[in-house]
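Below: a set of structures, written as structure tokens.
Here chain A shows up in two complexes: once beside chain B, once beside chain C.
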Partner chain A sequence: MLRTLQTFPLHKDSAWDLAWNHQKNILASCSSDKTIRIFKEQMNQKTKKNEWICSSILEESHEKTIRSVDWSLDGKYLASCSFDGIVNVWKYSLKNGQNDFECIASLEGHANEVKRVKWIFSTESKNLLATCGRDKTIWIWEQINETEYECLAVLTGHSGDVKYISWMNDSKFLISSSYDETVKVWQKSKDENHWLSLDTLAGHNSTIWCCKPCGNNCILSCDQDNKIILWKPKTDIETLPEQKFLSGYSLFEEDSEKTEKNKIWQKFVVISNAHKRPIYSLEIIEPLTESNSELIFLTGSGDNSICIFSVIDSEVKIRSRYENAHPNDVNCVLYLKEKEMITSCCEDGIIKFWNFKK
Partner chain B sequence: MQNPNPIIFETQKIQRIPKESDFDDNIEDEIDEIEIFEMLRNIVDPEHPLSLEELNVITLDGIKVFNKDNYVLVNFTPTIPGCTMSTLIGLSIRTKLERSLPSRFKFDVLITKGTHNSENDINKQVNDKERCRAALEQPHLLQIVNDCIRPSLQNQTKKKRK
Partner chain C sequence: MTQPKFSSGLIITDLNDFIAPTQECVKPIVEVEENTKDNKSAKISLSLEKENENEKENENEIEIEKKPTITKYKRVQVSLKDCLACSGCITSAETILISQQGFQEFISHFQQNDQEIIVLLSPQSRASLASIYDIDSSKVHNLIYWIFNKYGKAYVYDTYFGWEIYLMEIINEFISKFRKENKRKPLLVSTCPGWVCYAEKTYPDLLIPLMSTVKSPHMLMGFLFKQYISKIQKKEPKDYYVVSIMPCYDKKLEVSREDFYDSKTNIKDVDSVLTTSEVQDFLTEYQEEITNLKFLEEKSMENLKEFNTINEENKKIYGRKDKGSGGITEYLFRKLAEKIFNYPKEKIPEISFKNLRNSDFRIATLQDFKNPENKIQFAQVYGFQNIQNLVRKIKMNQCNYDIVEIMACPFGCLNGGGQAKVSEKYLELNQISKMKFFEKIQKNYFNDFQFVERDPEDNKEALKIYHDFFLPLKEKRLNTEYHNRKENTTENAGLTTNW
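And now, the complex of A and B:
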């Protein structure tokens, strides 16, 4: 159940994305006002209760809307990407008890708006960063050292803006969703630097704003037409034969020629009428596992509401719906597991913290 | 220029007739179609110094207001089915609505069904808030959109052309 804890009308323009640092328990938000804000919990001396405060503002690093932020898994780095085409990497440290952020690298390569950044550890335990954008491509960067980043691969195959990317099964798979109305699953070939499009999931009829793995190699995606799809693999993808990289540029033809029979992921559940406006954000609360058959997730929508869904097999239930969670589009919802909280951000720039009991 | 000699339509004498209730502070004045029409009628075409009303791109019956649902739907009709300016016109309408409508309203801006060859593509682009936001962050596009919208800021209807 949701209960509002705190509301921060700090961003002066649309707040687009939120990222939670599991290691350091701090939150980052980003906005069209070209700033990133960092929130941390602090004891209020009067009430003796913990409260969220905005502890830092990172500014003058991007010239346009900052669309997305993400923390590296080790909690040491924050990446931000912007409509100005740049990806910035920030180093986080504590100096005299204060959060300190230093912009240590600017990655250039995308032709225009960069829409998402996502960190992961590579199999060699190096930080990897995936970015995607308006230029229809996905870039994979490896952190060589703090200030040096090498582009390992540029993934082409989408025919429209790439709106969202997520890693799946550590760094084995990457999933992406696009303006071209498809979700793609990419697999790393044995040769580290090659990524192959393993499957293209067709079933949405509009821009797909978000796609996330939700356990057991299933994928959840949501779109502009208020639709959510849960995709299940037909086969055990762990046992798929390693794909071979074919020299030449026949990568995506290879995939699009796949007949329906060879498709790996299939539509398992379609949820059409839960929201009245586009669904911009998905957040997994309880993923599917071998022992858990109930998928629980959150949605943030352009109809200003936040919904909590439960899916068991193919039975969908809306556990709760919070109409007017925000006075405008809910652009992102995030689950802070350690805190039993949810945080959300909105088109009007407001960030809210909610108490959340499953 | 694609359509050098567009048909110019006589501007309709659409005007809000003040009702007695308009002056009653106890009655909430709901936003209606005429109000939206007045917001949009004087936006100009990027190619012509003509208003969307004069070009019949915006008409009163293309506008629907659902006050209870806080929703506005605007259909606009390109002058020719291949008009490459349609996305820009859609963006101008959208931007004007964003700036003028109370924030409780959601809206969609759609091409009148069957009046453009790339209807779906344009609808998709104009209603993608992320792309529109990015477009308006490009100085030259913002300039064009602002130039299109500027005449609509004058409250009264322009003097009629002879």
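And now, the complex of A and C:
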């Protein structure tokens, strides 16, 4: 089911993250070598087959490791974030048939390493950008116009480095995972200007490297201790009353008993020891829906393997396992649905493209 | 999970538990004997053993970490002043720092020292305690007077007197300095130590030249007691111990700044800060007495009369009607209408704010009485994310406000991180919602039944002290300095960065 198509040993240092532009069918990768690489498919004149090529390199924009990249949903902008504390926004266009990237904004604010960037559309179809990092905070920016960005919120609550953020149900919810061993769910207020902490999911006992929504308001998370948890809400989160009280008040102490009663997400499935080393990346292939009860997802791990899991109710199957998918930690796996492909990147900087049939 | 105690501005810039002092600290590591007893001065101990070993991205750093044998350097001693000058690690010391200026330390200090206790009570703390104990704001003065007099000869004053001096000087600063140099815009006005710390550490070159240098009200009062009132009363500065009760943990850092300390005489302008919630904790022992209003007989109102912060005729306390952070913008608006735009007193318009994206970023415009084309633009910016947007505007040269009032906490000082804590149980017991409780604090902060607003210049006592004592040595007495603290960060960048 998984077959290597192409291998690119281009990055000179760890490759951390991959992002797929659904609109323009191009891929971005980022690395500790402080570069971003852009890949696109092109017809090979000899073999008459489509092939991936690295078409652009974006350099000299960050002073340190670039930890994460993401494309805006409209496909026009690429955001990159770095250990230098800066988030850059690039405008993508085609000039004379060539990819062109222009760095149009630098967002400063994080005190130090920025670990993840994620775009979403706001309800008014504006581009929103969430960033998180070692300063334990999550920032949400709105793109006012190409060069102007306004900070809508700085979310504090995690007590450690925030490793990963994902949007859920458009911009209504944001989920984050951290070195503090929790996943947090944040709910957007009606006025669209605040995100309030809705729930804290405790169950992992180590750094949570990745958290993603996996359909039906369920959340999937994976950690340093080789554990994967599938969380299910016990109530319909769409009909939750809006939390009336604004965030930011520091006078009121949380009542832990009451908070416990108000918990929304519960552990539904815990998968331990499917990998021998930390699990760094999750990718949802088939999310849960009303008509689909089989969740299919990929994992990339520090044991150099990529696994394909299937979960039906609470029954877990490892559909396939690819040992030594990379010679080193698999930092990110990404599913390119339109292409029936998977792409992955690893600690030694190699990027691979795989053929993938469900 | 515990809530962060410092304001977000401070937490985000400085506080980082991941940075080990070995990597970061400006002080060399000192080996300390295990049985060394800390002396009571401002020393903090930092544990070196905090490091996230699992941290994948830290692998490189951990290698470096392993080189010094950690067991050898168990503890390192750093003074708070070193920490303020550094980019890094005060947070590891957060609890120690707080306990250093806690109530127990305060009491043990008085068991050893024979000083008069000068308590400076902030209106925000007063409102918070009044709401918790369901008593009139003026009675909080009795309560504080009663409790402190258990531990020594104590006097309780309202920091409002300091506010009056502060407001008089802010007007002067704007007119004399900023109005003349049109390019220096905006004037950033704040009494918030969280903001100062943030500005000094993140954008010192950009922001410091724009910042008002007037000392915050309680620092002005502390200085007044140590350097002026002591002389009048034929005493020495060291005969007083000045303690402020503040809605804010960051204020503990403010009183520890080198600018408020005379190294020759070893005198601090304000000796320590207690937060409202620390006072609340301490008062839990006396719950019964408080319920039975046992503290009322004390004649604490006499203290307020000394500084003219209570109206002797109707016993109303003077205060400012504002959102809860001292009313700087409201006052400047009215005063500048009179002084710069020549409004006759009766024609001065009420300030009307326009909210931008949220109620913590609001703006107001004052037009010239005769020539409405001439304007002064005000902005009130509270909360960390709004500060970000303001700084971004300044950086991109798109900030068109003349005066900006800044506070690090959302909703301002009434919502300070050090305010009395309210538990869910308390709310249930008293059948009050969080929203309603906060409204109650706002009411207690400025309630027409108990308070009255006056022009600071109408306080003859304040006006006299301002002219006789403060103005002659203005720079030393009224103004403070800010420091570029970014230097350390960049110098150490190679070491401090974690992978």
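We take it that the second predicted complex is superposed on the first by the 345 of 358 C-alpha atoms of A that agree within 3 Å, B and C clash if a C-alpha of one lies under 4 Å from a C-alpha of the other, contacts with A are read in each partner's own complex, and residues count from 1 in each chain.
Please note the rule applied: contacts are C-beta pairs under 8 Å (C-beta built on N, C-alpha and C of every residue); 3 or more make two chains touch, one makes a residue touch a chain.
Source: prediction; values computed, not measured.
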| item | value |
| --- | --- |
| Which superposed partner A:R277 touches (first chain B, second chain C, both, neither) | first |
| Greater chain A contact set [chain C / chain B] | C |
| Which superposed partner A:P327 touches (first chain B, second chain C, both, neither) | first |
| Partner chain(s) touched by A:E113 [first = chain B, second = chain C, both, neither] | both |
| First, second, both or neither for A:D348, with chain B first and chain C second | first |
| Which of chain B and chain C A:Q224 touches, first, second, both or neither | both |
| Which superposed partner A:N127 touches (first chain B, second chain C, both, neither) | neither |
| Interface residues of chain A shared between complexes with chain B and chain C | 32, 64-65, 83, 112-113, 134, 161, 179, 206-207, 224, 302 |
| Of chain C, residues touching chain A in the complex | 1-4, 8, 11-13, 16, 18, 52, 54-57, 128, 202, 357-358, 383-386, 388-389, 392, 409-411, 415-417, 419-425, 427, 433-435, 437-438, 441, 497-499 |
| Chain A-facing residues of chain B, complex | 103-104, 106, 124, 127-131, 133-134, 137 |
| Chain A - residues contacting chain C, complex | 32, 64-65, 83, 109, 111-113, 134-135, 137, 139, 149-154, 156-157, 159-161, 179, 191, 193-194, 200, 206-207, 224, 244-255, 258, 278, 280, 302 |
| For the chain A and chain B complex, residues of the former touching the latter | 14, 32, 64-65, 67, 83, 112-113, 115, 134, 161, 163, 179, 206-207, 224, 277, 302-303, 327-329, 347-348 |
